[in-house]
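Structures incoming, each one as structure tokens.
In the two complexes that follow, chain A is the common piece, with chain B as its partner first and chain C second.
Entry: the complex of A and B
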């Protein structure tokens, strides 16, 4: 029973309720929100940011951040596109592109961990560096023809359905990530490291290794997002995907991953991405311009960050009001040691009652 | 606590979607056909002008021109707007592409759903649209830029210059700069040397300024700057003014009259001439083209003609229609531009 209660009241359940609300209100306002074309194109246009978010989430869970994912996306995407356009076998080109993405992630991890540098600064720098290399390779050119297999991966549907293939692929990645994060030793270490690096170190966790691995996974998934980008937009271009960074991080934070590390779930991130995609689509369908959509997402993010502390204060206030007897007991013992403002207030309020 | 968290989150999301019920798109006139105009990004004068042209002409010819787009130059964000327009049942899409390639699959998908696409200002790939309405021709821009710069140089048509361009992937600037480079081999311009083409990392005034600063340091011998972007030329004019460099460099390019007027006044004459086509006119011609494309009378064949605001427009090779010639602005006409 307690488990059910916990499930119903969880952050993820809140996100699901909101998503349903958006669908109901959006659909009754415009009727086109859950048409198959709209769902399909909305999914196609958000699957890349979800792929990035799945990679960045574990990094943020450990209390780090990886801004360089869009640089990695651009670099590996451009390399794959360039190699394919020069006639290299598709599989080999993809392998090289993903390999580069792995190395990009590894470089981030090593710089952050070995030199003990702040992840924000390091990945801000490598974001510029990786994007810059993509400009060196292609300049202002764009590659727009790709092998059919790549285009199919990025934009075709599962046979006989309207469900884009890449959406299924990224959901499978989400399941794998959920398993890794929530059911393996490495996954449990993430939260320990995010909670307190020192405590994690003293309890025998290989903190450095855990952190480096998160960056490598983040890099790899960014490279995979680059591959999806090629198939989805049929374009390889320097700086591609740059506008996906903020939405991806928004999905992670809105999904319940604490910006300070230590908490969060992969299902939460997935649901948040779906919520953001549907909210944006609903607002767009109703004729809201880019500014309106950006503002709505901004509001959501601030509230997502602000909600936990707000909820905590509300809970404290509630307890003080309704558990006066217990508070008095603690207030009495507390007062002998100097007392706190909070418990003093509890005494006053019970006295009035 | 979780309950309270969920409640707080709920109220936050309901805030924006609550708007859904109230505001939004104004109701279209009964028989008017809805078309959606997507700029590269919203909030700058040229695109607002193009939208005004489309809306005004649209009223006369039975089109309701809806207008919306991303807040920053992003082709993937434009795709959201393309998809929304199709889902919302709009009959046509008028789009200025942030880059030609990235939006194309979405435009092709829209066409498969029966939506007609007319590009304006910045083209898509040919598979993604029926007609392209260009502000003015690439050739006209390149020669106008070279003439404006050359005629102002200390020794006319002689000296070294740089191009302060847009971000490297912007289709228009890439084409214009390539044409300009080719034109330099003409005898008239043979003594003019292009020292460098500068591509700032983004189309923002801040990046244009810092890129210009670096370029001036790296190319001490230049005497001229051509900036074929409204953002770049305004940023450059501001930079030269602030650093008292107006007398040292000739600055010209493509600019917005409203933005450039302060640099062409009696107290600050940093810039003597710049050019631009008429964006309102571009939006007007785009609306006319869309109407005939929807009617099926305009298919993009070279030589086809259509009437727009009393003027006969002709389809040029490449399914292209030119909205007019580039207009050169000097202190004499910058304040009377009227758009």
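Entry: the complex of A and C
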């Protein structure tokens, strides 16, 4: 019973309910939302976002952040595109591009972990640096011709269906990430490090290694997102994908990963990305322009992250009002003082529930 | 601890505080020295750099960034962050530019400035409201409002652009005007710098901000009203972003829906390069101004030398990483001997060489 209750009250279940609501409302307003064509377009538009979010999620779980993913995406995408346009074998060009992405992630990890610098500042800096290097390589030019294999990875469907191939690939990555995060020692240590770095260190976890690996994975998946970008949009230019950063982080946070680290699940991130994609698609179909969709994402973030603590404090207030005796008792023992400190804690425990 | 030890501990404090203040002064002086060095080299080698119009242009752009960066620095000092300043700046640039045209006469500028500050503060209060009422971390709350304010900005603009000819004369001429040979932008930035420095150094508000940034939990137990301070901090940051919007209208002449895009990262970069710690509690308003000046100067020189306008982002990014690394290394090194000396003075019987022999574990 407790387990059922836990499942029903979980963050992911809440996201699923929200998603279903959006689908029902959206479908009743415009019947095209669940059409196979619209779903296909929506999936193609959001697959890069999901790929970035899957990489950033473990970083945020350990209490760090990686803003440089869009820089890595642009740099590896530009390098791959440039090498391919110079006639290099596709496989080799992709390998080099992904290798560069790995190195980008490793540089972030080494700077943040070994020099003990704030991740926000470092990745803010490397975001500019990586994007800048991609500018140096291509200048203001764009590459628009790619080998067929790359294009079909990005935009073709599974044979006989209307399911885009890249969506399947990213979902496979999601499954792999879910396995790594939730079923391996490294995954368990992520949450320990995110919960308390010191406690994790004292329990014998190689904190530095765990954190560096998260940055390397984040870099690698950003590079892969760059490859998908080439196939999806058939264009490589400096600064590509820059607008994907905030939506990707939004998906991670909405997915139940605490911004302070220590909580969250990969399925939650995937559901959150689907939720965001469907919301934007539904709004777009109903005639809301881009800014309306952007604002809706902002409001959704506020509601999702802000409502549970608000509901909790409202419930506490209600209980206190109807149990005056308890209030007096706690006031005498000085427990009410803990109320304000406890509310900060409530934010963290939200995602755990 | 006996009474005499307590007294000696208290007596030794001024010396330590002197050390801390020299440390702050040293990081600022190092930055000033770097700026002066770059200026001298650029003046000597680039004929385009030393022209009056270029220096004016450089200082005007820097003043605009610096004003917004000072607001961001105050937020960062309190261990918060505001990612929405760019959008606030954009909205205020458009609204102030189009609304202040309705007020003519000598009160026009006053109304315009108050409008910019007030609008910006209102948006800042929106951020603080989310943080206080919904208990959201600042980075998420302002990430959400960045989306909302950007959307609002596009709705407000409604696809149109604001041109310099549509704004009142005083606003259009603000950039070109000068008092006593110094441009108005620089005066405004200087006034903001002096006022915020005074607030940070001499008022209870300022001390509370440093307390919150150094240790929020301890600050709350000391009686710092964290909710009230959060409202004030974000209102101040928003107001300065609004003022930045006013200058933006005058600086760039036309305001469209993308005004202020990318400003968020630039002002955070300026504050960080200037030496404001992202962990809160360390840095000054002057740090933000110096950071803005250094970044502005690098950008200006790159544009003049036409090495490549594309190298700009790389260098700016590298500057942030290097600055953060240098501050971390320097502050760690400077902190070490203080602790060691304190330990040795508390235990006069211990031979300093013995500590080195066991690997200096007291150095932390």
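The rule is short, and it goes like this: the second predicted complex is superposed on the first by the 309 of 353 C-alpha atoms of A that agree within 3 Å, B and C clash if a C-alpha of one lies under 4 Å from a C-alpha of the other, contacts with A are read in each partner's own complex, and residues count from 1 in each chain.
The working rule: a contact is a pair of C-beta atoms (placed from the backbone, for glycine too) under 8 Å apart; a residue touches a chain by one contact, two chains touch by 3 or more.
Keep in mind that this is a model prediction, so the values were computed, not measured.
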Query raised in the report: chain A superposed: clash or fit between chain B and chain C?
Result: clash
Query raised in the report: Between chain B (first) and chain C (second), which, if any, makes contact with A:265: first, second, both or neither?
Result: neither
Requested in this report: Based on the superposed arrangement, let me know which partner A:291 touches: chain B (first), chain C (second), both, or neither?
Outcome: both
Requested in this report: Applying the touch criterion given at the start, work out whether A:307 contacts chain B, chain C, both or neither, answering first, second, both or neither.
Outcome: both
Query raised in the report: Touch check for A:120: first (chain B), second (chain C), both, or neither?
Result: second
Report task. In the overlay, answer first, second, both or neither for which of chain B and chain C A:62 touches. Result -> neither
Report task. Report for A:72: first if it touches chain B alone, second if chain C alone, otherwise both or neither. Result -> neither
Query raised in the report: Which partner, once the models are overlaid, touches more of chain A's residues, chain C or chain B?
Result: B
Query raised in the report: Which partner does A:214 reach: the first (chain B), the second (chain C), both, or neither?
Result: neither
Query raised in the report: A:299 contacts which: chain B (first), chain C (second), both, neither?
Result: both
Query raised in the report: After superposition on the shared chain, which partner residues are touched by A:315: those of chain B (first), chain C (second), both, or neither?
Result: first
Query raised in the report: Between the stretches 253-261, 271-279 or 307-315, which region of chain B is in steric conflict with chain C after the superposition?
Result: 253-261
Query raised in the report: Between chain B and chain C, which residues of chain A are contacted by each of them?
Result: 131, 135, 139-140, 238, 290-292, 294-295, 299, 302, 306-307, 310
Query raised in the report: Which positions of chain A touch chain C when the two form their complex?
Result: 65, 71, 111, 115-118, 120-122, 124-133, 135-136, 139-140, 238, 246, 249-250, 253, 259-260, 290-292, 294-295, 297-299, 301-302, 305-307, 309-310, 313, 340-341, 343-344, 346-347
Requested in this report: In the complex, go through chain A and note every residue touching chain B.
Outcome: 6, 9-11, 13-15, 17-18, 21-22, 25-26, 29-30, 32-33, 35, 37-38, 41-42, 45, 48, 131, 135, 139-140, 142, 144, 155, 232-235, 237-244, 275, 279-292, 294-296, 299-300, 302-304, 306-308, 310-312, 314-315
Report summary line: Listed in rising order, chain B residues that touch chain A in their complex are 1-17, 19-21, 24-25, 41-43, 66-72, 74-77, 79-81, 83-84, 86-89, 99-106, 109, 113, 125, 167-170, 174, 199, 201
Report task. Mind listing the chain C positions that touch chain A in their complex? Result -> 81, 130, 133-137, 139-141, 143-148, 150-155, 217, 220, 265, 268-269, 272, 278-279, 308, 310-321, 324-325, 328-329
